[in-house]
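What follows is chain A paired twice: with chain B in the first complex and chain C in the second.
Our next item is the complex of A and B:
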């Protein structure tokens, strides 16, 4: 924590960045995002096991961009998000400094270029916990009908509050599909069909892009395990295309890359 | 916006539709659909009175849209759109409801069939109500053609295009044009000398004011679209200044490295390290083979430089990249034949006297290594018995080549004949599966080989070839005589090995975004009706790069491709249907709902999506968004399906139109009809 505060102070005092986006103490022992703009205010920065939010979500917000160049406290999932956003032309080189950290502490690695982020990410592991593996396995063993009723039950609680969308750093579209009303592809009310369409559509839009940070599940006020759906797609994309999102600055997109030499054996 | 006034015109198509669909009922029910102002049926809507029916309704009833319920839009959409345009309605406000292929032809007569026809009409009425008037797209055309490959197909295409008054850039990867035809001795079915008919054409190419010839060059890359391609051509370093070289040949005579197998003689002859492939080469300028030249290998020699009377040798010459703007491309890259260890059972590549068809051509050719005498490679002896094996590799699923190589039956008959003409006492045998001699004077030619020249035809396949006492033992079976096993002791065996695509064909196809088949032959747009076009607009096919072909077929196809190019070049602007994708643009401060993720860019099979920077009046960047190049877009809709913000739409098939069609089906009976 001390190392992080020192680094933030140095960057702000030297004018290298105008804002440090990091974690501060929130209510009920939770961490929340803080935007430190003065070297004297760096004491507000904290770093511990509660620091899980994907702060990259703020990179594309115009009000944050207006603050100037940012240093972003970046846990491993955030680093991958930065790379994925770069691959989608949403962050440009030199527009930010990533301060690579782990929630458990340790050293702070400042990464000033996207290439540096890519190199750093290549050296990281992204292990899954035993509980996560068990959840995926249990889901994989369900039959189609069982899966359908599982999700129908889960989605029946969806309020269409779009907290998942607000929390997701890859949901940066200025006009979401649900806001397209000429024609209205996804119905607005929170009824069963509309809920199913919304959640399936969001999952499909994230297929091959999601970096598995888990903010969707944490944001959901009614506890729908949205990350399970996205994680399952992460695995699916890896199995089919040997592709992982957020690993390269100039990464391709698994779901939208046309190749003339594609064997296309699924339509033969 | 005015209220929709849609006209519905139901066609009987003689009895094609009316036999199973109650057309009068469809018209009567369609009249009740909201927005339909006029609805009639008629026996032949595409006929002149039928079209007049539509035109007068447009004029008299002020129709805002037309639905013609008839055949497939592929059949008559242009007809009806033209008729509507003549009557003053934007042609893209005319839609076809396909109640023939999609309904009457595939269903029994009955109420359900009539109901389905009405449903189809219903969806198209809903679609045309959401339609917008569209204007055709105009694209400029660069009237220069790029021809890839200088074999007979490329030569013919180049000459035809050039004679039509357009400029041609002909690119040939070898040091000389001429291709395989230059290697041949005589040609079937007339037995006229191949070089004698080809070389005048080669000279014509070199001298034609409209043709720029880049020999010893390869295509590096091609960008752009029909009428507007940009080609990058690599001119490989010949090692000499072509403007100074007079082609005197002194360097090739003095070169000390002389024992390199000649590609032109199919490995049967030898050539020096600085060489002209054959005496009639066009251009008649040598090339330094850097893999064999003593100077490039050991750093000294430079004998050619010393003897050159015009000081044309340039050892330090490097490859040069030439860029050219072209409007059309003709692919005429030709074919190869199967070589090497593909036939272990025949000992090809192991026994010197088992040769392939092209090697026999060189043996029989007056310009070949034996000056036209048939002498076998191993000891130069004139062979007394020659066995020709047809279908070596072709028509053999076990070898992975299911297709017929098409030319082998004919050239094998020719080979046997030429052998007999040169070695009167010789005994030629031909092993064959079937004789395929479809073509003008072809069957007669094969008959002549059998009946007049006494070539022994054995119907059966050869299982093995091995050496015994200086002879090649050919083991086969005569299937016309009860599969009787047969052994022939031969002095020379000629394999008619399968014709295959060139080694680089697949790479080239990918470079040009042209589709190709499982054997890497380039794919035509339609096997019957569009045989010289590819699926990529502006790229045409000629010759054996599409499939094995003989000379007459290659030449015909080349002229066909040239005609297509000339038609394309006949106008200075190209008119295209505006059914292309368009990225959303709107008033500030939004400018566009596109967020510029450019995932659509990688998905587009036609490279039609570009980046556009929207700037304010001071030149400051506001945002970078996608833009579709209407010249390149084929309207496939892949980008539309991918775009998360639904910022891309296809004109003529917009989200609103498709959605309206679906809703018209789902909500039928609810308030409308």
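Our next item is the complex of A and C:
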């Protein structure tokens, strides 16, 4: 934490960046995003196990961009988000400095270029916990009806608040299909059909792009395990196309490219 | 009780499967009348949302068909579509939606007989699966 504050002070005082986007103390035990613009205010920055939000969500916001060049406190998932955004031409080289950290603290690695981010990410592990693996296995063993009733029950609680969309740094379209009403692809009221359609669409539009940060699940006010849907597709994309999102600056997007020999055992 | 007659919606590309289905007709081949064909410029245009809307509007089964690989009029539309279908099928299955309700296929402009066979076999399978009430009952819970 001390190392992070020192680095932030140095960057702000030296004029290398105009804002440091990091974590601060929120209400109760939660951490919240803070935007530090003065070297004297770096004490607001904290770093601990509650710092999980994907701060890359702010990178594309015009009101944040207006603040000037940013240094972004970046846990491993955020670094991958930056690379994925770069691969989609949404952040440019030199527009930010990533401060690579881990929630448990330790050293701060400033990464000033996207190539540096890519190199750093290559040296990181993104292990999936045993509990998460077990959960996906549990679904694979369930029957079709069982899976159906599970998700039906989950989606029945969906409020269509689109917090999952707002929290996701990769859900950045300025015009979302949800707002399209000619035709109305996604019904406005929160009923079972529209809730299913919305959640299918969200997962599909993130297929091959999601970096598995889990902010969708954390943002959901009714606790729908949205990350599970994305995870299933992360696995599918990896198994079928040997592709992982957010690993390279000039990475391809799994869903906007193809291989002539993609598997087609299901096509007659 | 009247016999169940499945409603099947076929999303086909203009250049291969639509022409193939045309050939089926001009060759005087008979096939199941339970299919409604919707013509698209390319399989690459067939968004997964259209498939969901078909189910929501009462389809019991869906056929999606286009040019064979390397035969796409736009050179790569079917390759991109194939990737999308792979992921879409995985997602539907994960959500507990029976992917046997959707038949993907390549039917060229010369394969009139294949089209007839494809429709008949799909109609038979959907008949066996019964009406897609699991999905249709989601309708009517909202305002549309």
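Keep in mind that, in the parts below, the second predicted complex is superposed on the first by the 257 of 268 C-alpha atoms of A that agree within 3 Å, B and C clash if a C-alpha of one lies under 4 Å from a C-alpha of the other, contacts with A are read in each partner's own complex, and residues count from 1 in each chain.
Just so it is clear, a residue touches a chain if its C-beta (ideal position, glycine included) is under 8 Å from a C-beta of that chain, and two chains touch if they have at least 3 such contacts.
Remember, predicted model here, so these are calculated numbers, not experimental data.
In the superposed pair of complexes, A:123 makes contact with neither chain B nor chain C. Contact with chain B, but none with chain C, is seen for A:176 once the two complexes are overlaid on the shared chain. Set against each other, chain B and chain C differ in how many residues of chain A they touch, and the higher count belongs to C.
With both structures placed on the common chain, the touch criterion links A:260 to chain B and to chain C. By the touch criterion defined above, A:148 lies against chain C but remains apart from chain B after alignment on the C-alpha atoms of chain A.
Look at A:185: by the touch rule set out above, it reaches both chain B and chain C. Once the two complexes are laid over each other on the shared chain, residue contacts for A:252 go to chain B alone; chain C is not touched. Chain A residues in contact with chain B (one complex) as well as with chain C (other complex) are 177, 185, 255-258, 260.
Those residues of chain B that touch chain A in the shared complex are 506, 509-510, 513, 515, 590, 593, 595-600, 602-605, 624, 638, 642, 644-647, 655-656, 659-660.
In the complex of the two chains, the chain A residues touching chain B come out as 88-90, 172-177, 180, 182-183, 185, 205, 252-253, 255-258, 260-261. Against chain C, the residues of chain A that register as touching in their complex are 139, 144-152, 177, 185, 187, 189, 191-194, 196-197, 200-201, 203-204, 207-208, 229, 232-233, 236-237, 240-241, 254-260, 262-264, 266-268.
Chain C contributes residues 48-49, 52-53, 56, 69-70, 76, 79-80, 82-99, 103-106, 118, 134, 138-139, 141-144 to its touches with chain A in the complex.
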